[in-house]
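Consider the two complexes below, in which chain A is the common component and chain B and chain C are the respective partners.
And then the complex of A and B:
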């Protein structure tokens, strides 16, 4: 590795890691929006991945190669539990149920001593890095890209626009919704495990309503025309605060403003380019 | 045996009986029309047959198999396809991609195939694209395959819906007011298209208000009024049926017509 690149990564390591992790979170939002659902549970899934991975590493001393996949199991089980009853209903109900999930979990983290209570869990070894974070991001992007171009992608787009017509074409709408929520839980859970193992500390307030909205704003800003769009949205919203460091607390205001402006003027996001959904 | 056999089909919405003990038998290889004044329950009957709403009672058999309890998405796999009264094309997809969605039930796309792109998957996709292009050819939209579906004119959107419905070569095709909003020339072309679909082996059940169209094309006509079946038979017989004339024109006019001979 050239010296300048080494220096650069050393200086901006946290930002580079955040770009990869937030990219994964944006994809976890993308998969549910792509089937026309609105879930705000991504931050909660991320928190479950973070807490379970931290406990597996610190208490059971498992290697990270085991911890990372294992940390996606609790969010997946929760997605199953919450998805099965709520996915029969239309979007808003799922959004409310998943916001509730986030708040319940915050109370659990705060009040259960084994989870560190208000102090959170610290001293998590730095086991994640460029290879695990970007490796996973690239694999996730590739898989979602291939899916979007296939018959599955056509079915997702179809049910997003008209669930009844999609069902008449033979699309099992409920199965697709549940599949999307499970994929979302895997991606967000893995992102949580990765972030816990680069930041060494996790706390109960990192996975509440505010990060849930931030993750939604990644996908709103980039759009969901292809899996690359929400990742681009995440990168812009991750880099922007670095550029706006001087404004400190006003940074959240900027995030809010961006959402309002995008929803009003760019309903398809910054990258509305559509992709071909069939194989030549 | 009839391809589609509906017996004493009934659906109630909060006290209103929208479809009341309707019997319907559609013969294989025929064009069968379902007609009746507005609010007679024609589209509701279609929604029951395609599984979009569950019936209160009664049964639906396709080729002898009871499909009454089958969810809508499974009926596509049984060889049933339909178009909608209010056009329901997928606006974000191109014309070709819209038609490809019509093959969804038969494509059996699983995640592993999609990610690994095995030769079998690629062959299946290529075959699907070829079939979709052929369906567009049949309805006369071959040149518009790569256009956005929303760029099509109204009549072309209707034909796109038909292409999407016939691409999987269904055994039974349900068309809900296919001629609505079409001019006489377009209606004539549509009649020829429906006959061609029937000749290719698809049985057609259609709802239509354009009586010229119905009488010219249908082998058999079933008439509904207030959710009840009031007549059933060959077009010429149904047209002279006093109950049908009364339903369409009201008792007074019907009586005056009768008196005038």
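And then the complex of A and C:
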């Protein structure tokens, strides 16, 4: 590795890690939006991944190759418990059932001593890095891109446009929706495990309402025309506060306003057309 | 001990019911899951804080004034955020997302402006003496909450059932287009609903601020989870269901905190929500609306 690249990575390591992790989170939102649903549990799923991976590493001393997949199990179980009943109902129910999940888990993390209480969990060894984060991001992008181009992708697009028509055409709407939610839980849980193993500390307040909405703003800014678009959205929103000093205070206000503006005036996101041209 | 717990539970539950009433009305009539609703709750509390602290108003004047101000805020935000979506008949998820983004911006802006600290209403805004009946203690704030809930719920039910406006509202909840064709000014009624709901939320914020004596920008967000649970258990858009479900949630939460573990209190609402979604998704009192392809 050339020296300048080494220096650059060392200086901006945290930002580079955050770009990869936020990219994964944006993808976890994308898969749900792609079937026309809205889940606000991504931050909660991420927190479950972070907490369970930290405990597996610190208490059971398992290798990271085991910890990373194992950390996706709790979010998947929660996604099953919430998704199975709500995905039979209209779209608002999944959003409503997941919106409070992060805050509930925050109270649990705060009150359960084994989870570190208000102090969180510290001293997590740095097991993740460039290779694991970007490797997973590239694999996820590749898989989602192939899925989007396949028959499954066309079925997802059909049910997003018109659920009833898609169902009439033989698309098993409920199964696709649940599959998407589970994939989303896996991605968010893995992102949580990765972030816990690069930052050495996790706390109860990192996975509540604000990050949940921020993850949605990533995906909406990019749009969901292809899996690359939400990742681009995540990168823009992660880099902006780094680039503009003084912006950091208003970061959340800005993220919220992006959602408002995109839904009201740019329903396809900021980057749809250009993307579509060179992806398809 | 049990009697005291039950009383505390009913009082807590009546604040949940009060909060959820406006929320469920908004959904029932306007067909919008409006997430800015929690912000009116915070806003009401801060209006009352300003009026009592800076201007020295008594709480009896500050409560209605803060409620009215929150109502006006609700009308303005509804107009800014939802008129366009209503005109193009956007799917309900769009309005949910818009209000979600807006409420994050509002909370974050308010926190940047006023700071995240917990504030308190000035001492002596309510007489501190509690009513003591044998072993039971009821504070004046709690009595005020109970009275206010009873008055507001009664008023709302009377409005919905006994007045021409209520009839128009029910028609609009049933079928907005048909209501419009029958000569009902739906835009004006939508504004009225926003005003009433915002005022209910604002009043709820003041009363909870009084009860717990803690006011802070994100207080409405913590309440929203309870609001969701109450309106789902009670059935979306069902005023009577919201009242019963609110009381039920308050009692169950208080008993859990008292007899099992106070750490579990926050999880109770969520567990109830998931349980109801599994077993009776249209609410305990709701009828199933089944739409098949």
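Criterion: the second predicted complex is superposed on the first by the 271 of 280 C-alpha atoms of A that agree within 3 Å, B and C clash if a C-alpha of one lies under 4 Å from a C-alpha of the other, contacts with A are read in each partner's own complex, and residues count from 1 in each chain.
In this section, a contact is a pair of C-beta atoms (placed from the backbone, for glycine too) under 8 Å apart; a residue touches a chain by one contact, two chains touch by 3 or more.
Keep in mind that this is a model prediction, so the values were computed, not measured.
When the two structures are aligned on the shared chain, A:15 is found in touch with neither chain B nor chain C.
One of chain B and chain C touches more residues of chain A, and that partner is C. Of the two partner chains placed by superposition, A:118 touches none, neither chain B nor chain C. In the superposition on chain A, contact of A:157 is made with chain B only, not with chain C.
By the touch criterion stated above, A:257 is placed in contact with chain C alone, chain B being left untouched. Once the two complexes are laid over each other on the shared chain, residue contacts for A:97 go to chain C alone; chain B is not touched. Of the two partner chains placed around the shared chain by superposition, chain B is the only one that A:143 touches, whereas chain C remains out of contact. Using the contact criterion defined above for the overlaid structures, shared-chain residue A:167 touches chain B and also reaches chain C. In the three-chain superposition model, chain A touches both chain B and chain C at residues 164, 167-168.
Across the interface of their complex, chain B is touched by residues 143, 146-147, 150-152, 154-155, 157-158, 160-162, 164-173, 274, 277-280 of chain A.
On chain C, the positions that touch chain A within their shared complex are 33, 35, 81, 84-85, 91-94, 96-98, 100-109, 112, 218, 221-222, 224-225, 228-229, 232, 261-267, 269-270, 273-274, 277-278, 281, 293.
For chain A in complex with chain C, the residues that touch the partner chain are 36, 38, 40, 81-82, 84-86, 88-93, 95-97, 99-101, 103-104, 107-108, 110-112, 163-164, 167-168, 209-210, 213-214, 216-217, 220, 249-260, 263-264, 267. Chain B makes touch with chain A in their complex at residues 50, 52, 71-77, 81-82, 84, 88-94, 96-97, 100-107, 109, 111, 114-115, 117, 122, 125-126, 128-129, 164.
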